[in-house]
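Here chain A shows up in two complexes: once beside chain B, once beside chain C.
Coming up: the complex of A and B.
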C-alpha cells in the first residue's frame, strides 16, 4: 500500500491525539468501528456556546484511519455543531487522496464526528 | 548497517552470490538446450542439469531421476494435486488437506472440487498443528491423496510429516508435501518421512525466482501423474517445456549450500529469533506469539501486538521489510486465514507481524528491529482507544461495537 504524503504526515505527526474528560457535560464522545474489523475511532469534542473549542482523537487502525481522524479533529475546531455535522467523508477522501479500498476510513471519521455531536446533545438535553 | 532492512525471508530471498556465480555462464556461453542430444552445447547443458538433480537429491534423500523441474512451488502444487486427481480418478476422488495450507494448495483443491473431487480440509489446533489421528480418521476408501505442508509460510509451524507419511503408507494413499518453506531449513528425508510427492522452490532458499521442482516417487509405489503441460515430453513426460538451465543450476547450488550449512545457519538464526523475541516480550505487555513455540522454523517469529493494527505498525516501521496478517494489507479486507484457523480473534489477527529472518540478517539488525518495533508499538498504543479502554479495566468483549 502506498500512501499519499498527507496521510504520511498525519500518521507521523498526528494532530490532537489524546482524551478529554468524558464525564464533562461540555464534552461529546463518539466511538465508532469494531476491533474485529481492524479499526476503532474515538473522537471527542469540547463544545462551548454551540462552537467546537477543542477536539481530541485516539484511533486503532491503519495509517489512513489515523490520518482521517487526525484531519477530522483539525477541521471541526472552531466550527459550530451544524457546520461540523455537514463534513462529508468525500471531503476527507479528497484531502488525503485515499484509494477506494480506504474509503471506509473516511466514513468512519464522518461517523465519529456525528456520534460525538449526538453524545453531546444527549448529555445536554 | 544499511537501511532498509529486509526481514521478510518467507516471501522471497536474494540470490546467494555463490549461486549467482555458477548460474552466469549458463545464460551466455553455455546456453545449450538440455534436450539437444547431438552436440556438445546440449551435452554441456544436460550435464549441468544432471548435477543439479544430484544436489537436490542429496538434500532430500531421493534418486536424482525423481526430480521434475517446474517454474516454482505453485506449479508443483498444481501438478501434484491435479495430476494425481486425473491419473487416479478410477481409484477415487477424495483428497485430504488442511485449512492452513498455502493458497496454491487450497485454490487448486477448490478447483478440483468444482470438477467433482471431494476435499476434506482438516482443522489445526491452537498452535497450528495437525493431529495425525485426524488425518487417519479422514481417510475413506475413495481417498487418493493427502497433501500437508512441511512448514507454514505465515507462522512457521512444522507439521508431523513423518507420522502422516506412515499413516499414508499403511492406508495405501499417496502423500504430497508442500515443503516450500521447509526444504533447506530443516532436514528433509523423503524416505524416512514417507513422502511420495514434494513441492519446493528455489527463491525461498537463496536461489533464483521462476524455478522449482516436484519430487515424484519412482518406486514403492511408482507415482504416476497426468501432465498439465503437453509438448516435447520432457521430465519423464510429466512436464514438457525446455528446461530453464540457468535456473536449474542455481536451484542445485542453492540446495548444496543449504545441505552444507543448514546446521550452523539454523543455530545462528534460531539465536537471533530468540533474541528478538526476548526483547519484545521483555519490553511490551500483551503480546502473543502465534504458532507452536518450539515446533517451528528457526527463522520465523509471528507476533500479535494487542490494541495496535498491523498495517499502521508496518507504516511506522517503513525502513524494515516485514509482513502483517492484517486485512488492510490485502485486497479482501479479511485478516489472515491462517491465524483465524488457530482460533485467534480477528482483532489479534489484525495486530500481527511476521518476521522472517534469513541468511543475510545480522545481530545488529536484530537489535535495531527489536528497538524500533517496541518504540512503534508504544507510540501507537498511546493513540489507541482500545489500549486506553483496556487500561481503564473495560472488557473489550463486552462493548457494543458499531460494525461496519
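Coming up: the complex of A and C.
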C-alpha cells in the first residue's frame, strides 16, 4: 500500500499541530481512539460566537490518521458548529484518497470533531 | 475442579452438532469413531478431524482443567503414539504416529496455559480467535497522555529538569494500566467459572446463547489485555531505556 501525495503532504507538513488550553471555556476537546490499531487523536476547537476560530490537533498513529486529523483542522476553521458537525468521513476519504484499510482513520477524525463540539457544548450549557 | 468427562476412557465423537462422526479405518475400512485405535484391527488412527484438543485428552469443554489429569493423559498418549514404537510397522502407521505426536504436543501446550486455553476455546466455538490487541475505549484519554509522556521522555535529556517528573508520571501510568489489567483478569476468571457451571449443566448438544455471550465477553477481555500488555511493555522499556 502506498500513501497518496496528499497524505504524504499532510504527514510531512501537518497543519495546526499543538494544543489549546483545555480549561478555557471557549475550547472544546475531543480525544478519540481506534480500538483495532490503538491510534489516538486529540482535536481541540476554539469557538467564539458559534464559529470555530482555531483548531489544533495531535495524533499518535499512522500517516493516514495524522493526515485525516490535519485536514480536519483545516476544514473546520471558519465554520459554524453546525457546519463542522456535518463534515463526513467520506469527504476526508475522497480528499486524501484513503484506501479501504485506512477508512477507519477518517472515521476517527470525524468522531474527534464531534467529540470536541460535544465537549464545548457541555462546558457551556 | 478437574473435569474429566469419562474416567474409564476418553470422550468419543464430535462435540458440537451432536451427530456421531465416524471415519473408516485406513487399514481395514471398519467404520468407527474410536479416538486412538481401530476397534476392529487395533491399528493406530489419525485423530478425528471433528474432535478438538479437549476431546483428545478426554476432557469436556470446561475452562478449569485438572492439571494432574492433563499431565497424566499427555504422558499416556505420548507413549501410545511414540514413533519409537512404530519403527517396525508399516510406513502409514509410522506417519500417523509422527503426526499424532506433533498434534498432541501442540494440544498439550495450549491446554496447559489458561490464557491459551480460553483463546483456543473461543476460536473453536466462534470460528475466530480474539484480536491480538484492542484498546479499551474508556482508556483513550489515558492512552493519549501516556503517548505524550513517552514522547516527552524520549526527547528530554537525563540532566534536564523535569525528567524525573515525567518518569514519575509514567510510573503512575504503569500502575494504573497494571491495575486495569488485573481488574480485567478478575473479570475473566469470573466468566470462566460461570462458563464451567453452564457447561456442566448443559444437556443439549449445542452451546447455549448464554454460553456464547460469555465467550464474546471473554474475547473482548483478552483483546483488551493484549493491548494493555503492549502499552505496559512500552512504558517499562521507555523507563528502562531513559534512565
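Points to keep in mind about this one:
In this section, the second predicted complex is superposed on the first by the 122 of 125 C-alpha atoms of A that agree within 3 Å, B and C clash if a C-alpha of one lies under 4 Å from a C-alpha of the other, contacts with A are read in each partner's own complex, and residues count from 1 in each chain.
Keep this in mind: a contact is a pair of C-beta atoms (placed from the backbone, for glycine too) under 8 Å apart; a residue touches a chain by one contact, two chains touch by 3 or more.
Predicted model only: the values in this text are computed from it and were never measured.
In the superposed model, A:101 lies in contact with chain B only, and not with chain C. In the superposed model, A:40 lies in contact with both chain B and chain C. Legend: residue contacts after superposition of the two complexes on their common chain; A:31 is shown touching both chain B and chain C.
Of the two partner chains placed around the shared chain by superposition, neither chain B nor chain C is touched by A:114. Applying the stated contact rule after C-alpha superposition, one finds that A:66 touches chain B and leaves chain C untouched. Look at A:11: by the touch rule set out above, it reaches chain B but stays clear of chain C. Residue by residue along chain A, chain B and chain C are tallied for touches, and B comes out ahead. Overlap of the chain B and chain C interfaces on chain A: residues 31-36, 38, 40-42, 58, 60. Touching chain C in their complex are the following residues of chain A: 31-36, 38, 40-42, 58, 60. If you check the complex, the residues on chain B that touch chain A are 307-309, 311-312, 315-316, 326-329, 331, 333, 335, 345-347, 350, 382-388, 396, 401-404.
Put simply, chain C touches chain A in their complex at residues 131, 133-137, 140-141, 143-144, 147-148, 151, 223, 227, 230-231.
The part of chain A that touches chain B in the complex is made up of residues 1, 3, 8, 11, 14, 17, 19, 31-42, 57-63, 65-66, 101, 104, 107-108, 111.
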